[in-house]
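Paired with chain B in one complex and with chain C in the other, chain A is shared by the two complexes that follow.
For the complex of A and B:
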């Protein structure tokens, strides 16, 4: 019935305008039709892409670099790989020779670490700290009741500690890690997340050998400082016999901590995780030891989020 | 006085907006109340002669009210600043309330003492360290967490660590610890080169090579052939994959055609196993 009506209308339209056809009436498409069209388009796109890739491969051209957040990273003038100017490189090396960690890298002192908590630490924090204490060589931990961080720092300097770690907590889980290098700073505050403590089995396997440290992807000048800071918590002379490796891997400004035992098998490394694992995210770097009132910040994100987090592809470490 | 009795009669029996009824007692919310209780003697409304001590911005004042002042509500309370010196202030209180009823005097002194203690504590707390609470915006927290998850996937941690370790091994960071396997690796490579011209090798030569290989340790030979191995799956595959001593000898041995055929078979097997995993 409908078809016949349409046909009649069409013929009428033709008659009225002679032989010229009227443009087709723009009917609203159904959702289904739209979806179908879209699917078709996407499929075609995919096909084209594959064809292009194939033609490239046939020509013998090298594969294109995939577009990831890392490869599209906004260029930063302090990324060390990009520095070509020899003067700048020399300057950076001079800087590194004179910073607070240079004496560690010259192996002039053995690091001694003190771990404390917030006022009344909950069990997860204490367990986490206990495990850190076992992992980090030459480390001791104390509960601080109402003592301020400043006085703890002063005491620690007197007792020849070289680093202080303060674990902060909120909502019954550890959520912050303050790392103070002694005696002259700097101080870094990290957001701590995804803390997974090691289980009993893993802790049994733990040996007292000094671990080696891997610092991955700390590319910018700031990243280098942070990497050196984290690295200098551990002893500079790893005991390879223990086959323990500790990794700080920076990816998109998140620093992933992992602790493994490894074994070389057939020229490849086999890993077994020892735990704990956690993630750090840098919040601020302060010159000198901890001072929340009149401390001078080298870098901070507090109150500057809108200026600093302009795109997703901007990273600082 | 009559007026006072009238007021108290109303407050007690009907309604007072300052009155708070608790299970055990009645309390008073009026700022000028000396004790905080709702009773005849402590009521600042139903007493025309009344005195109290109050704190304003860290300074203590004595407030006095007399019957003569009741005509002027604005000037009803006489406000006297008390000295910051405790003893002087007590002396001041004694002087001001010289002929006043004893209970008001003593209660004023008690209140003064308590307020001074409170002020001292407040100042101490303010000077000491304080916790600063930072609001966490839920949306931002969620975003940070999500990005962390994605970064973790992008990081491919195990691969990165393995790569770094192998780099270190190649650089010779570990010194003599893994030296022997490297030699074995070289030997194995050399052996493979020779494999290409299998048929030309005489049996005498074979014996020489065999001797060489027998000298080596077993674990070293694990380096012989692992080009097919994907590092991601290595850990899972590992156990099945460590070839026995005999197999290894066969793998690295350039020998007769029968042996090589066996080797080929084994290689194929290895590949299939891997794919199944």
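For the complex of A and C:
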């Protein structure tokens, strides 16, 4: 009897609320259930993909180009391959023939390189510079002390150096590389990252042969300038006997440096990395030799990164 | 579109000259560029174009001052007519008067060569004893030229007397009593007056008035960490446009506390020359990043940029500068070919347009909303009391104010 009375009281109380039913409780799914659902979905997606691929293969249709950031690169008028007009191609060729590196590519001089540091170099940058010095033929290395870059450049021109490399450092690791082409410029400043110096075993294998240089993916006119600049540091005539190859590979505006020794096996080539390895990112190209105060820039990203890098699919090299 | 006339000419570091046709199609600016100097003999870094100017009022011959030579280019035949090798150094300013080409030479002299003679004979007109980086002629008094360079302040020379008429004085030394360094990179004369503005590689923009007894600048502005490479007078009064070596274009106003009023964006390389044609609200600029750009002067927005494949150094507009208006959608072909000259920042409103808008307004319905009624009520209030009593409305009575009870 007591139970029935309680039930009646409850119904009365509900009526007094105006017969408004409370919403049903939406129970949260457990994490496990969610994970299961997600797994199912992904499995199904994978299955669909495989089925599609199979049907495509059965039909004999060609494979599609994968959608990567590079394949979806923004169209750029400075990319050299896009130029069709013969008149313009002739002009570009003339421009390339008349630039500061044309005499190197005509094999008129042998490059001589000078490597220096910031004021008091730390051990990692000294070691890095020492290894660079061994890799680059005809290269010498000096401590900078208190001399300015301008006076180093002036001296280097007198002593017939053709390139000056300055390694900058911050927070106990090398972080910048300044490359100055002599005697008339240009000057390029790169941000240097991921420096991994070669170990003892790798250094043992190093020979003094002049290496081959591979410049990859320098597509735009600016990329061409940078590629020519980096290439002209090394001797134009590689000694194939040494089987040394140096690669500057540009990918999404990051230039990767690798140094290998190759060997022809049956059917394919075997590579052995010799180090060091590092990554460069272009910051500026300045006309003339180093002049940070009064120089004119061909291209610079200082202070306008947000203005220039508006999409992930825009590249400058 | 090669048949259309070029209204801009652009020079580059390898000595190529490009003709550019700027036109407005349905309100959108469009550009067509064409190479005018093509033969390989004239394309080299030795022929880097440093300065360009029109030879006379007919505007059919361009004088080109390059690194090693002086050339004249006929815009009628689209071909080079004359070429003279420079006696020394580089050219930094060029103009023509009385069948003579006057060339400013960076080692510090103004030399002339006559075009009528077959063999070029260079005669020294002025000797400056100091290196110069820029030489320009005054628009108002054509016998006056201005020079300036590194450690060489602005000087105005009279060609007739071969004397200095105005010798600028450096601004006061700084708080440590050190001299402010001088390195004039460009000079711009005002179109109507004799006043001269200069910009320096140490980040100074200065305005001089040679008519005043004072030799120091009337206006001096400084921007830290900027290398100014070029300057021009803006279409608005008391304003200049200054380009820098790091790829910035500033609008400088003489009045007010902060002289750097605005900035024009989208440059990635050094700005080499800026041009503001009179009666146009457009800013044309060339830069070392191989782009030719058009900005709107008043809104400062980029209207157009065109990649021209070589480093650009100079720009020269046809005078008077006219942007051709083409409207392809409308069938009225006669009107479309007619060029429309713009007045200061505003298009000229044609009479026909005014008629069309008047008709449009007449056709429109009158909308009667609450605002009209309110105004009529207000009118009634203003009317004398007698009229109001006739209507039976007591207008003199004020609306009752609500009295709030005090909180107890």
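Criterion: the second predicted complex is superposed on the first by the 257 of 317 C-alpha atoms of A that agree within 3 Å, B and C clash if a C-alpha of one lies under 4 Å from a C-alpha of the other, contacts with A are read in each partner's own complex, and residues count from 1 in each chain.
Going forward, a residue touches a chain if its C-beta (ideal position, glycine included) is under 8 Å from a C-beta of that chain, and two chains touch if they have at least 3 such contacts.
The shown structure was predicted, so the numbers you read here are calculated from the model rather than taken from an experiment.
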In the overlay, answer first, second, both or neither for which of chain B and chain C A:148 touches.
-> first
Could you say whether A:95 touches chain B, chain C, both of them, or neither, answering first, second, both or neither?
-> second
Looking at the overlay, what does A:193 touch: chain B (first), chain C (second), both, or neither?
-> first
Give one of first, second, both or neither to describe whether A:202 is in contact with chain B, with chain C, with both, or with none.
-> neither
Comparing chain B and chain C in the superposed model, the one touching more of chain A is B
Using the touch definition up top, name the residues of chain A that touch chain B in the complex.
-> 68-70, 148-150, 191, 193-194, 214, 216, 240-241, 245, 247, 249, 251-254, 256, 258, 260, 262, 264-272, 279, 281, 292, 305
Chain A contact footprint on chain C (complex, rising order) = 14, 16, 35, 38, 40, 43-45, 183, 201-202, 227, 229, 245-247, 265-266, 268-270, 288-290, 307, 309-311
Which residues of chain B touch chain A in the complex?
-> 128-129, 132, 140, 144-145, 147-148, 150-152, 154-155, 157-158, 160-162, 164-166, 169, 173-175, 177-178, 181, 185, 222-224, 226, 229, 231, 234-235, 238, 242
The residues of chain A that touch chain C in their complex are 77-78, 83, 87-88, 90-92, 94-95, 98-99, 221, 287, 293-304, 307-308
